[in-house]
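Comments concern the structure below.
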């Protein structure tokens, strides 16, 4: 076999060829090409394009960028932290030695494996202003007098998309965190309780440090995914009302594929990418630390 | 300008043909496989229609397609997207060369699709179709006959006379003042009744444009956007007043409004003349259609001309494969008298030909004649239609009006901003 | 520390045997409260989905809705069975998701192995680039992908969809599989090399079998991401080759938006295959996911 004649390095590169080719063709090239488009006035429906320098970026910064950034951050942080807390609480509960926790864990995976669009439909129905079950329950219980248009007002619409995303995400976070908890040596806890540490103390000094690694990964991944999440918002609110739930993903999509304005869409996307670089740097530092 | 477009059109045509060939070569799967290769151009073509996605019209449209397919021994490959996603999807698919044949369009979308330069000129079919002048002009863009009119009407207000009676409203309101008073009375009924199920979701917030006209705004002055003038600001402030008084409801689009109305939970709503067919298919109360009454949009001062927007469907044909057959189908669907009269009977969409309109089935229908008399007669085209960026102009205005409704911005500020953005889209 | 894949059931059984102290009783009570509260949040919507699917149309529009169906109908499922289009979407989804998963796992296995087991120039920067690409905005990639596929005539084909899905499944699989290969002791490979096995053979006959649970997990993950994708499928498919997410949106989000029971019935049915697959495979999934992450 001629592979034997190669050095380890050459062999490794050989292994990477298919992946690398794919990576260059469908990720690296499209990204660079899209970023370049930001400097042109280009329409999706008409051929040709004209170089306009930084005009698109200036337009975007003077227009949509800041509200969209704010919405994206609110959504991303909310839809990352809330399911994390819910998932963590559930993981701790399932790890507390209650009966049937294996079965329960399987059951709780349900919301996560339901296709995202279906999740959105379901909550669209729940939040429906006129016939929705949420309004039904709340009016019957006397919490509200008249029905609330959850998706028709800026604040409640944002809450609604975060709740929906929380529902879809907490299960996998729970599974990961539970797996982390289960690898925690029991002796550590027992030793701590022999030393007289209470439950809270044990959680803080034993559980938390042990869980730092996995919690970080879970938060990071969810954050990354939410930062470019599209389905829930597109189906639930379409970015409205009055653009109050319009995140980068929705804004770029709408500008490019509904407004057919590729120049402004990619300029907005380019600025979004710039922000991501900060995240990438953080991510890389973490990866570097881990692989060393 | 025109020559540029034509050259672009040719280039895109070439590109799409290339694309289509490559597609056929690379993707040997599924899609209309049945027909033998060779004379496919004549034997199969596509028909894209959102009506095939709507319960009330699906059967009637499919029946036309089937009748044509049987009579002409052809295979019609149908596709559909929901109305609110339609323009977006059709544009993407058309640019990518994935749709061919005949396409149903809202007359307001003609400009956007015409800009792509892929539509066939249908003058020969239009000349012999016997269409009314108004209808024929609804299929014209930039001097070319790109669409055959399928139905022409208007978007107007519809009332539930039964609810009005219950609320103690006598007769139909004819001024804005009376309209408001009527809404107030209906509002007192409670029980989840929305007095006026006006569109407040971005997709159909364009319904506010005729109200702006009612308040005296021309919307467009020559080439200058007039949205943002005092009259349009007054209209939006009035909308906001109704919204705050819960006389109109948040988060409503055309489909929600129809559902509300069909359930007897809205006294007024805006819809095209298609309303009766849709509502009757959804309403649990089978007598509801008898209680529906079209009314002229209330005016600011008694004696003003009521405002309404023209509305209609046209069928366009994509140049290229199967175009001849598709054009023939478009002509059949829109001008064959028996077909259009039968279609009217099922879905209540008025035909566009003189012969069709004279058919006793149509002429004897009081709801339709009422509608034509009260609403369509004074209806005008939306001035923004002539811009290819029309859809974006409209959604910009919609988003800003929403911002006013939810209290994020004042009407004056919001509309000024909308006008500013819209300026960049006038091309 | 390496991870042993203990099944959770055996863990909890062991824990039950521990003698109960008062604070354990308290914590168990707290645990049950948490399970019930979160359970309600997690399960009530599922219940509502199923309940609506069996509710007759006219009842679905009564307000306030009755929480327990007073009348049950199978009409909506019958409607569904008559809907050939929806079945077509299902087939498309299966084809595209399976091919995406297989392609991603195969390609990334080699790449991840190279990243994990060899040290060479450019390794670190490349690895970081590939891993970081998980964050690249899909909506932005889509702009170019649409143009590229359109120009090459691939628009609307399965190929276009699979390739576009790979933009997010490839980095994810590389990331997961590198974690898995890191847990395969290098000493095993060195031993194989001493026995005269080629590097390729070592990879195929020693490393891959050891990493099998991880490969399954990565494949599952890729499958689910592909199955759920909406934005690429919305833009790059043509009407015949739509996958379920855009297919459902395009079938129900217009006029039929008011046909909630039909929509819920469709939602219920299309969720079943994925749920079933997960019930069988969740063990692998958890193991594969956490192998890379849980290193103590």
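Each chain gets a letter, A, B and C, in the order it is written, and its residues are counted from 1.
In this text, contacts are C-beta pairs under 8 Å (C-beta built on N, C-alpha and C of every residue); 3 or more make two chains touch, one makes a residue touch a chain.
Just so it is clear, the model here is predicted, and its values are computed rather than measured.
Visitor: Based on the touch definition given at the start, go ahead and assign the chain network to line, ring, star, complete or other.
Guide: complete
Visitor: Given the two chain pairs A-C and A-B, which is bridged by the higher number of C-beta pairs in contact?
Guide: Counting C-beta pairs in contact, A-C comes out ahead.
Visitor: So what's the Cα centroid distance for subunit B and subunit C, whole Å?
Guide: Distance between chain centres: 40 Å.
Visitor: Roughly how far is subunit A from subunit C, centre to centre by C-alpha average, rounded to an integer in Å?
Guide: That gives a centre separation of 14 Å.
Visitor: Between subunit A and subunit B, what's the gap in Å when you average each chain's C-alpha atoms?
Guide: 37
Visitor: Could you say which residues in subunit B touch two or more other chains, in rising order?
Guide: Only 15, 92, 95, 192, 256, 259 qualify.
Visitor: Would you give the residues of subunit A that are in contact with at least 2 other chains, written as numbers and ranges?
Guide: Answer for subunit A, listing residues that touch two or more other chains: 44, 130, 147, 257.
Visitor: Could you check subunit C for residues that touch two or more other chains and list them?
Guide: Each of 61, 63, 146, 235, 249, 252-253 in subunit C touches at least two other chains.
Visitor: Residues of subunit A touching subunit C in their complex?
Guide: 1, 3-4, 8-9, 11-13, 15-16, 18-20, 22-23, 25-31, 33-35, 37, 44, 86, 89-90, 92-94, 96-102, 104-111, 113-118, 121-123, 125-126, 128, 130-133, 135-137, 139-140, 147, 167, 170-172, 175-176, 178-180, 182-183, 198-199, 210, 213-214, 217-218, 224, 227-228, 230-231, 234-235, 248-249, 252-253, 256-257, 262, 265-266, 269-270, 272-273, 276, 279-280, 283-284, 287-288, 290-291
Visitor: Which stretch or stretches of subunit C touch subunit B in the complex?
Guide: Touch residues, subunit C against subunit B: 58, 61, 63, 146, 149-159, 235, 238-241, 249-259.
Visitor: Flag every residue of subunit B that touches subunit A in the complex, lowest number first.
Guide: Against subunit A, subunit B makes touches at 8, 11-12, 15, 88, 91-92, 95, 112, 115-116, 192, 194, 200-203, 246, 249-252, 256, 259-260, 265, 388-389, 391-392, 395, 399-400, 402-403, 405-406, 408-409, 421.
Visitor: How about subunit A: which of its residues touch subunit B in the complex?
Guide: 44-48, 63, 129-130, 146-147, 149-154, 238, 240-244, 257-261
Visitor: Residues of subunit B touching subunit C in their complex?
Guide: On the subunit B side, the touching residues are 15, 18-23, 25-27, 29-32, 48, 50, 53-56, 79-85, 89, 92-93, 95-99, 192, 255-256, 258-259, 263, 278, 282, 284.
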